[in-house]
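For reference, chains read A, B and C in written order, and residue numbers begin at 1 within each chain.
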Amino acid sequence: MGVLALVLAALAWEGYKLVGSDDGWSAFGVRLLPRADDVSMPHLWQVAQRFGEPELSAAGSSSVLVAVLQAAWFSFRLSLLGWLVGGVIGMLLAVLMQRFRTAQDALLPYVVVSQTVPLVALAPLVVGWGGHLAVFGRPWQPWMSVAAISAYLAFFPVSVGMLRGLESLPATQLGLMHCYAASWWQTLLRLRLPASVGYLVPALRLAAAASVIGAIVAEISTGTRGGIGRLIIEYAQSATGDPAKPWTAIIGAAGLGLAVAGLVGLLDLALHRYHPSAGR
Amino acid sequence: MNRAGALGRRIGAPVVFGVAFLLGWQAFVDVRHIPGYLLPSPSAIGTQLSENLADVVSATAASGTNALVGLVAGVLLAVGVAVIAARAPFIEQLLSPLATAVSAMPIVALAPVLATMFSATSDLPRRIVVVIVVFFPVFVNTVRGLTRIDPVHAELMRSYAAGSWDLTRVVRLPGAVPYLFTGVRVASSLAVISAVVAEYFGGLQNGLGSRITSAASNTAYARAWAYVVAAILLGLLFYLAALGAERAATRGRAVRH
Amino acid sequence: MPDADDVAPSTPAVLLRAAGKTFNPGRPSAVTALTDIELTIAPGEFVSLIGPSGCGKSTLMRLVADLEQPTEGTVEVFGKTPHQARLDQDYGIAFQHAGLLPWRTVQANVELPLELHGIGRADRRARAGELLAMVGLAEFGGHRPDQLSGGMQQRVAIARALAERPRLLLMDEPFGALDEMTRERMQAELVALCQQTGCAVIFVTHSIPEAVYLSHRVAVMSPRPGRISHLIGVDLAERNEDLREDPGFFAAVTAVREALRGHDVQLPPRGVEVR
């Protein structure tokens, strides 16, 4: 089905190029349909071709495809790290907020608000502070800033989703544990955590997507080289002279997103025994 | 704890926490003599905010308008497509993998190519970015609402020999409204962030994004954070408005998500 | 909508002849829910279907409602196919769960079938008012379903089922979720309503006293595969509060219970049909 969607999208793209005018279509002084010329909308085969060609005009540079794949791999590793760190922090935060109602009341609004801060503003902060920190004895690397910002985006869905899961128990089950004089810790281990798996898995899914976006935007705002975010900006600068190039980077980013979505889907399948689709 | 006490705690706790946090931050900067380029103090940010107030307001208005236009257009488009998709499962199956892929991609990266495709000197590319970002959560949630019918209601309508349009009009659409508003709530803060971040990628530079980055590149971090505060408030405004609309629309219903 | 006069008085309200229903026929997962059902219900007659879980009583009702199609035999409603009867809106239906639309007021819920069939606003409002008064909920028209108790919601569902003055009422354990006192009160109201409107009723229930109290005849069903094992006539005096303490009532209840257990049943004078 996804392949069919792509095929239809490709047909729509080329079809518009056939019928659309080079100047687009304007109404009320605003161009509502894009320009259909080859600079604005390169033909799909031109883009495909561009993948095979060398990245730079300098001699000995590798093909665009290799460059895009390397960049995607770089970003993938960073977003994976961000996802893991953000996931762990999110889960710990959720447990804390469930344990102490006051902590939940105090912190949850800020957790929600934290996601309204544009990442472009956080980047200089994180980079600046990183210069003063050392992780496990190693000085702060630029890529650590990217992972940190990626974790920042990832922790939110995990903490909110897991909190919902921890609190999703019917009163009768909690009452039962109370009758057994079970401690909070025992209730957590035996009742709340298993019940929250059904909410945690979709949350981890969202967190994976968020960590990819976080990594890419962070790469751009911190100026970290080597990732696909940086590549998008670099290639976009040659848009007028080399119209197909920016699209190769965008396709690379989309591919990264798909790969991550696929991996989380596998995780979902693996854990399916433990969560009969609760909380979806 | 009685209701008044619980309510007081729900409002008081975050306020107390926030105030304590700000005081602690200010004290930390003052006592440790942290330089402005590392971490601006709340008082410095406040000063910058009041000094540049006019510009802050105009930039907020620009970004806010982009976000609002994109949000409204995106919601209308998403609802229209969702109604079609609910009637034709084929379309929904086509769009779902697309939705998953798109949600993992930073749509804002499309801003430069959109500028070439449309125009580098109008608000349209940024608004299109917002439309795309808003479309998918609203679409996914609305489709979920439209396709989830209580079997009792479906059988009831069948017993009335009601046509499928009747079923959609009387059961599906009203039933989907809470789901729609949930999608809008999710999309509202995304709309603001996308509108702000899209500026970073070029195009017209009249909104908050460009102000933040230009201040940051001049290492005037206190001023940058003043604009960030405006962005946060704008995002909060959208979110609370969407939350209020969601509460109003689901008044009196048992919400079964 | 066809008038009551159009139908010859001898046409039964519901007629099932050698009717049966098998789900997933021909496949290993095939389940025969009903087999060899013979039942004739006269206009104005109240028949209860009672039996253990899995005996197909709900399926039988759903065959009449055209919510399922029979795989064997024939089903007729007022001399027509169930499909035609559904299109002609000859019956009203009330499910186990009231199924009120939560975003509509009580009044709008009762008006729902009238709205769907093109009745004008003023007429709808008048009829809904009448119906709510009939079920004792006249002042609750403007409330929302979540503001009503389970019993009240069921009453609204029954009012809705009566909206178009159907000659046949199909009810699937509508009082199942209610407490005993409310059930008894609702049963009395239902009997009065049916006598007033003269409609035939198929009533699915788990409760023996309920079946005996409400019905002219009780169809006792047995499972695997579902069939009617006994048809017990209940000939009792006027249905009122005291009836439940009448010896004739207890005798009828005992007869139904014995039938459910599969024993032979003795009950004068209307008799018992053993299948």
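Convention: contacts are C-beta pairs under 8 Å (C-beta built on N, C-alpha and C of every residue); 3 or more make two chains touch, one makes a residue touch a chain.
These figures come from a predicted structure and were not determined experimentally.
Chain nearest the geometric middle of the protein is B, using mean C-alpha positions.
Farthest from chain C, judged by the mean position of CA atoms in each chain, is A. Inter-chain contacts peak for the pair A-B, counting C-beta pairs in contact. Computed centre separation for the pair chain A/chain B is 16 angstrom, with centres defined by C-alpha atoms.
Averaging Cα coordinates per chain places chain B and chain C 51 Å apart. Between the CA-based centres of chain A and chain C the separation comes to 56 Å, rounded to the whole angstrom. Taken residue by residue, chain B touches two or more other chains at no position, since every residue touches fewer. Of all residues in chain B, those touching chain C in their complex are 150, 152-153, 155-162, 166, 170-171, 174-175, 177, 252-254. On chain C, the positions that touch chain B within their shared complex are 65-67, 86-87, 89, 91, 93, 95, 97, 99, 101-104, 112-113, 115-117, 144, 146-147.
Considering their complex, residues 9-10, 12-14, 16-18, 37-39, 93-98, 100-106, 108-110, 112-114, 116-119, 122, 124, 189, 192-193, 196-197, 200-202, 208-209, 212-213, 216, 221, 224-225, 227-228, 231-232, 235-236, 239 of chain B touch chain A.
Of all the residues in chain A, the ones that touch chain B in their complex are 1-2, 4-5, 8-9, 24, 30-32, 34-35, 39-41, 101-102, 105-110, 112-113, 115-121, 123-125, 128-129, 132, 208-209, 212-213, 216-217, 220-221, 229, 232-233, 236, 239-240, 243, 246-247, 249-250, 253-254, 256-258, 260-261.
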